[in-house]
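Encoded as structure tokens, here's the structure I'll be asking about.
By written order: A, B, C and D. Residues from 1 in each chain.
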Amino acid sequence: MNNEFVFVGIAIVVGIISIVLSLVAIHNKKLSVAIIAAGIVSLFASVLYLLMAAPDVAMTEASIGSGLSTLIFFYVLNKIKRSDA
Amino acid sequence: METIKLIGAIMILMGSFSLLIAVIGLLRMPDVYNRVQAGTKASTLGAIVSFIGVGLYTVESWGDGNWLGRVIILIIFILLTNPVSSHVLMRVAYFTKIPLTKLTKTDMLKKDGNTIIKEGENE
Amino acid sequence: MLKNILVALVLSVMAYMFYNAYSSYETRTELTGMSHHFASKGAEEVGAANLVTSIIVTYRGFDTLGEVTILFLTASIISFFLKLKSGDKEKIIRRDTSELLVTASQLLIPIIFMFGIYVFMNGHLTPGGGFQGGAIIATGVALMIMANPNISLNHNVIHWVESISGVSFVIIGVLGIFLAGGFLDNRMFSLGEFGDFFSAGAIPIIYSFVGLKVGAELSNILNKYQKSQKEI
Amino acid sequence: MMEYLELGHIGLIIGFLLILVGFWGVLTQKNIIKIIVGFSILNTGINILMVSLGYVKGKTAPIIDAAVAQGEGHDVSQSIVDPVPQALVLTAIVIGFGITALMLAYAMKLYNAKKTLEINKFNDLKW
């Protein structure tokens, strides 16, 4: 079994999932679902960076793109929902 | 060394089976709380067993170059973080009033004065 | 209706351009130009095992300086926008945190900080560096302010860490002009044994300062967002 | 088929599709937070595109260690991928986080001003 072949297979699966999730993020009416879906797209992007031999970028994306960004989105969402009521 | 490698491979297989059970539980459980429980319990066990398997599989000699030390650190970190995160997740789900399933028998948090409706009760 | 047609037109033009770019793409088989020079000469010129680190800190050091400045500007603008009104400071956030989270956070936060410091100290040998380490430290701060929502982080500590690391970054850069070839040149100290912890000249020192600065700025942004929850 | 599809091609396709989806979201959505989510996806797509442009087939990460031995007559540049796009993307991700945080601060300000997030309600400059 070739290494490159396995990598290509994983990359195709990850790519299909991330594109479907990005469509969900744009099309869904609920804001929290959209934010979570965007966070998961970012997480799968970090897997893709790791497959493309870029471990530095993968670490940065996993901690900043899918961790801190999602956290800040939820702070804003919480603020807006609270002042709605 | 070959037997140790074989034991490692079998442990990786067992861990993958446990993760598969976690996925089935996520799909088949009736409400959020059961789903989180299935996902967290089975995936913690699966991750620990697979990590030990990876540590045994990469043993070349008992000196340098094996992954057992790093794997033990990873297992300690998973044991510290995974229960806490699932606990916080379920707690938030309860206090944002996500409905329990109709099959629920006891609700211990309700006795402390918290109220929550079961699925389909107010219709 | 007109807007939908315009959107469809723009997207189809973009898709056509992307299709052309894709069909003319060929897989690269070797490095060319600048990157060939970086790859073949980087080890002896800079002495860092991680080539990405050597590009970020020395070859494109100005870029990093500007980037840290932009992050500082962003943090200042956010703290200007999310300023509390007078009278909001006494308000507390009524959100009960569980005992388990508080106890676990006391156990986990030192480990997370230690891991972040390890990541940016070893940036020249292993994957990682100042930006990743700073982000990990900010994650620890996020856990801290989630476990105790009414905690007030010490502003002076954050600002002093940020200012001192920024100034030290520039001072080491200027020292490079006098002791070595130019601004942000890392050869002011000896390069050392390749692959050791104390090697690659000034790269570990510069990257540690970058890590502290990025961590302080991201913590500042998180703290401001947390404080904005008070003003109901 | 497998010879044609390599990691570089897959990264390119995913990057292009994510850019298109994010741009579509930015152009059509009405809610400000959804627009910011669209920007975030656009950012991710551009980063994937840049990293996959630097990918060289069958090479390892740009870290010189035992796997990329540098002996006599052995050229490092023959066994690693392109490090320059990775360095660019590393800074671009951090800047993207700053931009997202700034846009969300503006969104909170706009919400405080009009108590709504619909972009069509903010028509003060229209005549």
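Heads up, the rule we're going with is that a contact is a pair of C-beta atoms (placed from the backbone, for glycine too) under 8 Å apart; a residue touches a chain by one contact, two chains touch by 3 or more.
Quantities reported herein were computed from a predicted structural model and do not represent experimental measurements.
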item	value
Interface with more contacting C-beta pairs, comparing C-D to A-C	C-D
Centre distance in Å when chain C and chain D are each reduced to the mean of their C-alpha atoms	16
Cα-centroid distance, chain A relative to chain B, in whole angstrom	21
Whole-Å gap separating chain B and chain C, where each centre is the average of the chain's CA atoms	32
Junction residues of chain D - those touching two or more other chains	6, 8, 13, 24, 54-55, 57, 61-63, 86, 90, 93-94, 97, 101, 108
For chain A, residues that touch 2 or more chains besides their own	55-56, 60, 64, 68, 72, 76, 79, 83
For chain C, residues that touch 2 or more chains besides their own	50, 52, 127, 131, 135, 218, 221, 225, 228
Each pair of chains that touches, named by its two labels	A-C, A-D, B-C, C-D
Chain A partner contacts - residues on chain C that touch it in the complex	50, 52-53, 119, 127-129, 131-132, 135-136, 138-139, 142, 218, 221-222, 225-226, 228-229, 232
Of all residues in chain A, those that touch chain D in their complex	4-5, 7-8, 11-12, 15, 18-19, 22-23, 25-26, 31, 34-35, 38, 41-42, 45, 48-49, 51-57, 60-61, 64-65, 68-69, 72-73, 76-77, 79-80, 83
Residues of chain D touching chain C in the complex	6, 8-9, 12-13, 16, 19-20, 23-24, 27-28, 54-57, 61-65, 70, 75-78, 80, 82-84, 86-87, 90-91, 93-95, 97-99, 101-102, 105-106, 108-109
Chain D-facing residues of chain C, complex	4, 7, 10-11, 14-15, 18, 21-22, 25, 27-31, 34-36, 38-40, 42-43, 49-52, 55-56, 60, 63-64, 67, 70-71, 74-75, 77-78, 81-82, 126-127, 131, 135, 195, 214, 218, 221, 225, 228
For the chain B and chain C complex, residues of the former touching the latter	77, 80-81, 84, 87-88, 91
